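Chains: A, B, C, D, E, F, G and H, in written order; residue numbering restarts at 1 for each.
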């Protein structure tokens, strides 16, 4: 089994958020790897790691970081593969504004596909969508997943019918 | 020639930004289509348009919008294909904060791959990277493109050597 | 009893806020309906729901959502009826700035009547005021309600007279 | 001809924005009045003006102001009629954040229906929608107006087809 | 004993903050009154109250409010006396940004002397400083108070000397 | 003629804003002095200047500064007199947010009476109001000034009556 | 043992943050002093303290403060030594935005080397780096310290290998 | 002549700001080098460049960048030397908030000494101050420079004495 998605985070303290990406990839049965490597503390390791990713079979990166979140951009600088960035609202993180802007506002030539603050689960879904552009089996799994979202909200709507007010009509 | 990327914008006034996505896709020789369809003014049209995209051959969307920018999210709700969102700093747009947040902060299950404010060129590059995960020819074009970025900055560095100060050593 | 106001929310987790709109409409004896339908998870359902609202007797919408809050705008795109938007400060919601801007900054032609963050109660009052423009009975109820606000604050002021400081003169 | 909508602004310097509300009401053939009265410079006048509005035939207020924009809220405090607030991005106005928050964040009991920064045209449309809840003729005009928005964007889309790129397919 | 300072707040829920203004005025032995009157719920009462203040002996107002905080500005509109505004970080108050901007950004001609968020104690000191411009006894009390601040911090510095590190030299 | 108000600014580049304070004091016939002294470049001078102010006859300070605007707070630390702070939106000043927060958010014990961004004219009026608490002549001038504001807006309202729309009723 | 670094804070309540600077200096065996002196409450003391620092042996200042944080800038105004500023997120501190901007946005001529919100530990490391420019022993300690960061993250990465998912490949 | 300060920027378009650092270093007669190297476009080059800096004689880095400004942090990750970061307000840069936060909010262990937006001149002064901790000649130049600031502002103050108002006393 060769990993297609590489989940990477700047610190193991980001794992409670980032494992949501792992979980959804697991649900989609897409093989993945997880590593903690810091753009600032292990720059040479990150460089090696990103440069060799394509040959290892990796097709998408999911990189999460908080504060002055450089990891997603540094990975994006080192590989032609698409990089999904997850801004993480860590402590001392100015409510996440710093991580959002450090990931989103990349310069021309080096895009990072940014998702919502702490949006690791959505990052996992986006990775599946990206792989689905070249893999019909994965595309179909995403399609089914989207249908399941619809069913959940329709079921939830029924709960609301149990709430009673004198002038409520449904 | 079948379009693989669908560029869509909420208003033709966004074209000066969004044509930068078209230009880079053209440079990569990736066929694309361009449309102006508003999530708010032509909702039924958008629905039809997004639902049929896969069968038309589309594999990636690039959607740009300003203000309360709903277009990328509405497209993402209607297709399992990946959607790249371009926040546009239109007039009355609160410096673009409204379009950034309206595109970035999508709920669980419906990611939009957001790029920087007015980052349509990067959106085009990201679309190529996404297609490259399943198409080696495109992957190699992105790889070459990244190398060309390096050369440009090394050339630019030489310009700086012409600037003279008495205590400048290079 | 035919509902005149349609309360709609993107997720049942918004109910603790949105039921405040229901409560005040109930107090005003204005019939209403409540539904959870997501602009992103059930787009076709939302389209059908909004398009048929006028014929069902609905005259005002109250739509609440958090994050990249598209629901109020999507409803507004689908009906000529007035739509009141309630930005909700959900978790991961950047203190509500994202929901405020996603609802407030609608493009020309598609207004949403936005109220304060988590302001569902005020949304209910505004719905009554809107109906009151064509219904004198409702108008008079709003008038009475406004008088009751005055009495509450005058009564509260008396509490302050019980607080003693040596140099306090009232 | 009795005015149904009262347009009010804090300063005549707000007229270039606020006349967009007048224009659209004129297009809808809804009679309206325009006044400049300041919550801070003519408080007694504002009080008299708002209190007597209903008896004069007014059914909706549109109030615009910049900076610490108190006018919409002060009107809302003085009448049971619905008040639409237009935040204006005047000079020294911190990009409009001050006027948005001063109008939007009204306390419980006193809603103001806030529209986008400088959104006077949308305020006029919202006023028509509000009157339309009790007046079928106005409702139908709004309905037609919404259809015309759709046509404009579909026509605009055709303009895009004239733009040529080698790899553009439509 | 005639009150010289009038403390006013929009809601009795602001009392835990506003009583800090009362406490410091009490310490300075400056007579004051406290009232809860809402710019939005009791506008006529506020008007009467502010207009007659000078004749009642009042020389300075301290007005506190949260959210779209209109009370200080409305008082300032109604009296030539100086008004000190206290932005209050109430619940649903966007961390206080709304109250700060609604009080600070007053239009030309109607200043409000704004203090820090929840800065009621400083508002009381500022009231004393203002009265001190025409009353030497109060001026001297403020002078003594400022000296006492210095002593407190010098005493606090001594606490730090008890903290031991091997390489700490004081 | 002894100055009662001391206008101070951090740099002569702030004079175009700060002279508006001078102008209104001149209109009120209140003697004043103007100085440029920097909290950062001439700290000893500022210290001497502020400490001796009371004995020189000064009763109110108006201090303007941009960026990390320390001047008003430093003056407030050195004198028991009231200090009015004017945040100035200088170049490189982050739209004035830095100067607002550096002046407004003073610690307990050291208030600065902050006015709106670039609000030097209002600072002059506030200085007059403060002096008016102990000087009936000045109080009456402020009272007259406030009446003149009312007349200006009533006159401006008449201009609006000249604007014609078919459905405008006044 | 003569202190080379002077740690100073505006209030002893900042000690839980600022002692992190002390701890890392202690680890580096760099002698330091700690004092609480307020720019606003003890301005003369601060002036004396900063002016004499060089002669006492001090080579770097680390100054922490919250709110309208003037202390680092005031020290920087009084000494030619480098000053490191630590913005502190104290209560009533607007999430630290006020302290960041009050320290960062210093005027031309008076830099303060600003670190992240509550970043006292980094301030200590930066002080060591600064001293290291003229002291090879300290430079080597910083070098070793940086290597230890690398080892920690590599060790942390191993923890992640223990987390099991069916489709996880490492 | 061996460079002691290395000025580095992400793009030659940053040169109009960054040359202000060069100018002041030139004035201080401190040898320096200037290079444009992008953290994202030439990561390997940056790595080599930063790792060898100490041996080349460099003692301080000044790194400027806009948007998601990773360059200063990437340099700081690669060298034990102190790095001064200059946030640059480039086009599409969200008024510089993105570059400020991307540079300031560095994680524990990797400080960047951040100066004000576009504050390259201050970065040059700070570099001199840092070198001055181990070099008395440079220290004395900074000391003189600080005195010259004082003289400039005192001279500027004289200009203000030429401005005449009837009630101006100095």
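In this text, a residue touches a chain if its C-beta (ideal position, glycine included) is under 8 Å from a C-beta of that chain, and two chains touch if they have at least 3 such contacts.
Quick caveat, the model's predicted, so the values are computed rather than measured.
Can you name the chains that touch chain A as well as chain G?
H
Report same or different for the chain C and chain E interface, where same means the shared residue numbers exceed half of all residue numbers found there.
different
For the sequence-identical pair chain B and chain E, determine the rotation angle of the Cα superposition and round it to the nearest 5 degrees.
When the C-alpha atoms are superposed, chain B turns by 180 degrees onto chain E.
Work out the mean Cα position per chain and let me know which chain is farthest from chain F.
A
How many angstrom lie between the CA centroids of chain C and chain D, rounded to a whole number?
18
So, what's the distance in Å between the C-alpha centres of chain F and chain B?
Result: the chain centres lie 48 Å from each other.
Could you please state the distance in Å, as a whole number, between where the Cα atoms of chain E are centred and where those of chain G are centred?
34
Residues of chain G touching 2+ other chains?
11, 38, 41, 67-68, 92, 94-95, 97, 104-106, 109-110, 116-117, 119, 149
Using the contact rule from the top, write out all pairs of chains that touch.
Applying the touch rule to all chain pairs gives A-B, A-C, A-G, A-H, B-C, B-D, B-H, C-D, C-E, D-E, D-F, E-F, E-G, F-G, F-H, G-H.
Could you list, by residue number, the parts of chain G that touch chain E in their complex?
On the chain G side, the touching residues are 1-3, 11-12, 15, 19, 22-23, 25-26, 29-38, 41-42, 45, 67-68, 92, 94-95.
Can you list the chain D residues touching chain E in their complex?
By the definition above, chain D touches chain E via 10-11, 38-41, 43-44, 47, 66-68, 70, 73-74, 76-78, 92-94, 97-98, 101-107, 109-110.
Under the touch definition given earlier, write down the residues of chain C that touch chain E in their complex.
That would be residues 89, 95-97, 116-119, 149-150, 152-154, 156-157, 159-160, 163, 165-170 of chain C.
Which bits of chain H are touching chain G when the two form their complex?
54, 59-60, 80-82, 84, 100, 104-106, 108-117, 119, 121-123, 125-126, 129-135, 139, 142-143, 145-146, 149
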